[in-house]
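Next up: some structures, all given as structure tokens.
Shared between the two complexes below is chain A, which pairs with chain B and chain C, respectively.
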Partner chain A sequence: MDRTVIRAIALASICAVAPMGAAAHQLTVFATTDCEMVTVEAKFSNGNPVMLADVRVLDGNNTLLLTLPINEDGTVAVPLDSVDHSGGLVIEVDTGSHENYWIVTPDDIARSCQS
Partner chain B sequence: MKRHFITASLASMIAATPALAHYGMIIPNDPMISQEDGRSVALTMSFSHPFEMDGMMLDTPVAFSVTHEGTTTDLLGDLEGATVMDDQGYTLDYPLDRPGTYIFAMEPQPYWEPAEDAFIIHYTKTYVTAYGDDEGWDTELGLKTEIVPLSKPFGLWEHNVFQGIVKMDGEAVPYAEVEVEFFNDGVGATVPDELMITQTVKADANGVFTYAPPSDGWWGFAALNTADYTLVEETSGEEKAVELGAVVWVHFEEWTGQ
Partner chain C sequence: MPLLRPLLAVVMILLAASPVAAQDRPRVVAVNYALQYFAERLVGDTAEVIFPVPQDVDPSFWRPSIADISTIQSADLILLNGAGFATWVDRVSLPRAKVANTTAAIEDRFIRTESITHSHGDGDEHSHEGLASYTWLDPMLAIAQAEAIASAITARGIAPEDEVANRLAALRTDLEGLDTQATRAFAGMQDIAMIATHPRYQYLARRYDLSLTSLEWEAGAMPTDAERAELVALVAQTGAQVLIWEAEPPADAFAIAANLGLANIVFPTLAHGVEEGDYMQAVAAALTAMSDASPQ
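Right, the complex of A and B next:
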């Protein structure tokens, strides 16, 4: 077989396989609040923390409030007094190839302030 | 060939026969809790013939716990009495504070079954995953006897196989018998022969068994072995054998493809 054809087949195979392999590492996003801070955690399905990602904080109307880089341990803290959280918050984590979100509801915040 | 289909109601008439299987049950409202589902899981505990929807009395368990991220928490005092399948059972609404797999486990009091001239103790567990994180799905609790999942015990499609390894005192049980039964809640499933209410598979030499259910829903797996001890039956004052069951409940999801 012609080498050019072999390289073309190999490249096509890699392109076909690579997105599937990446997709297998599902991204999990979770956030807790203690009434002062929202602590965001992001990890892959294999348990490894997300080391490089943008964390977007949106309000209950889906308006972007903040964008923060994630820390190397897969966490980032968002001071509650730095954002309008009256309608809850949507925390989006975007690695470029994976994206997921967690919703901090007004109830979540209220409960954390009662405990 | 003419087939005689047995309905759940007819099956309940023959429930007292020793051939029909008893099952400890821990059934959550959902085995995969997402953030949209809320922040807790609702559990229902019972002792029953699940295909016939025939409840038996579940006395206050000896132990009821949850294990998450390697920590086991005693929940026995949090159980609330409830009527389940017309008999005594329990419910619990448990908050899920963090992602991951929560394993709920119950050790019931020994149940005296005159028809089998033996006591029955079913160590029962169910795996619930929270918020998209399945870490811990293969956790072994170290129960007296248990089925340790080799397939993830949630997120299975109908017709997928479920595999587990039967253990007693931490050791695999070669060629253990595993009874399999469908929780016929609201389904009205019928069988062409009462032999098919409870199906039986055997583990291999390494204690590994495999089963593929014919439909979605909750399926109970009970690996039954005889204990190396006896208990005294009060009425007769005689020592009686004890059947130890390792029970796990697994939910299979309806295939949503074309």
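Right, the complex of A and C next:
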């Protein structure tokens, strides 16, 4: 087979199925804590805020503590006194078609209380 | 008793030299085995290098626990691969002062890829650009990553600079040796179409000018009927003569490929460690198998 054809097929294959860092998570989730609450922000990779999603809050044993609807601006606040955060928290955002998470460790929370 | 004091001194020295010393060593965390191997070569015994991903989990898509992240956050140095490898690094807070991106200096050599087009709700259809992640499979990029690790180690005082420099020189020599071996192994194979069971080898293919098409098979698994049909079609389409496996599959899988006229080559990607030997031995063995399969 002609080498150019082989290369074209190979290139097309790479483009179609290669493992991709950015493409693997088209939903971006970010969370910060200020000692009183965890503020969760979720965006699609095109920059648009997520307007409809469930935000699940889990503890260090992956036990579901709380489920909240996300606000229309793609954010939601989780008051720390509403959950047992001693073992850290996992924040999952699920739009139905996309899902991603953010991990908040006990150290993250402790540091936010020192600053 | 005259012998008591020397005996006690020996016992104290032995106690000080073993477990306690091990706990006191600086800790380095790596996001894949390749980086762990390079770091271990560079630090010797002066630091503990940890690769925390379980053997049965793909390190690219590992989801760590909170305890895992707490351990990683407390390390003295966190070695990232960059190029989008290890999605978890974008889902946690990592202390910036401890993080070293080992491909920061070679981003202009990344291979860009594109995913399947889709849409979000009412949005227009679009696709996401991504990056091929297995940079270290090009030995020249592996050297650049080893140099970045060496700089990060010395900048943080984890190991003496002169010792790290000597070890880096030895590692560079070994990786250059692999490059020489690979150049010989792939000589004359540029016109031979190859298929890989997983799209991991983009940097290897670019370095040695290979014509490589990729499938999306699970590493080390027996291909399904649909996957076999896909392979048959791809062989017919490309005229491929070589099938590169990420991990050794059941013997029947080798037989299926051999019946299609394909030479079976197991080429570990080294994102995880290998059962026998180390990084250098694994790549050298794969290259020897490639040489044996060469029509020359």
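Brief remarks on what is shown
In this text, the second predicted complex is superposed on the first by the 90 of 115 C-alpha atoms of A that agree within 3 Å, B and C clash if a C-alpha of one lies under 4 Å from a C-alpha of the other, contacts with A are read in each partner's own complex, and residues count from 1 in each chain.
As a convention for this text, a contact is a pair of C-beta atoms (placed from the backbone, for glycine too) under 8 Å apart; a residue touches a chain by one contact, two chains touch by 3 or more.
What you are looking at is a predicted structure, and each value in this text was computed from that prediction instead of being measured.
Contacts of A:86 after superposition on the shared chain: neither chain B nor chain C is touched.
In the superposed model, A:26 makes contact with both chain B and chain C.
In the superposition on chain A, contact of A:106 is made with chain C only, not with chain B.
When both complexes are overlaid on chain A, the residue A:47 reaches chain B alone and has no touch with chain C.
Of the two partner chains placed by the overlay, neither chain B nor chain C lies in contact with A:67. Legend: residue contacts after superposition of the two complexes on their common chain; A:39 is shown touching neither chain B nor chain C.
Touch counts on chain A: comparing chain C and chain B, the chain ahead is C. When the two complexes are laid over each other on chain A, chain A has residues 26, 28, 45, 100, 102-103, 108 in contact with both chain B and chain C.
Chain A contributes residues 26, 28, 30, 32, 43, 45, 47, 100, 102-103, 108 to its touches with chain B in the complex.
Looking at the complex, you find that chain A touches chain C at residues 1, 3, 6-7, 9-10, 13-26, 28-29, 44-46, 48, 60, 62, 87-90, 97-98, 100-108.
Interface residues of chain C facing chain A in the complex, by the touch rule stated above, are 60-61, 63-67, 69-70, 73-74, 83-85, 87, 90-93, 111, 113-116, 120, 123, 126-133, 190-191, 193, 198-200, 202, 205, 211-216, 237-239. Against chain A, in their complex, chain B makes its touches with residues 35, 39, 97-99, 131-135.
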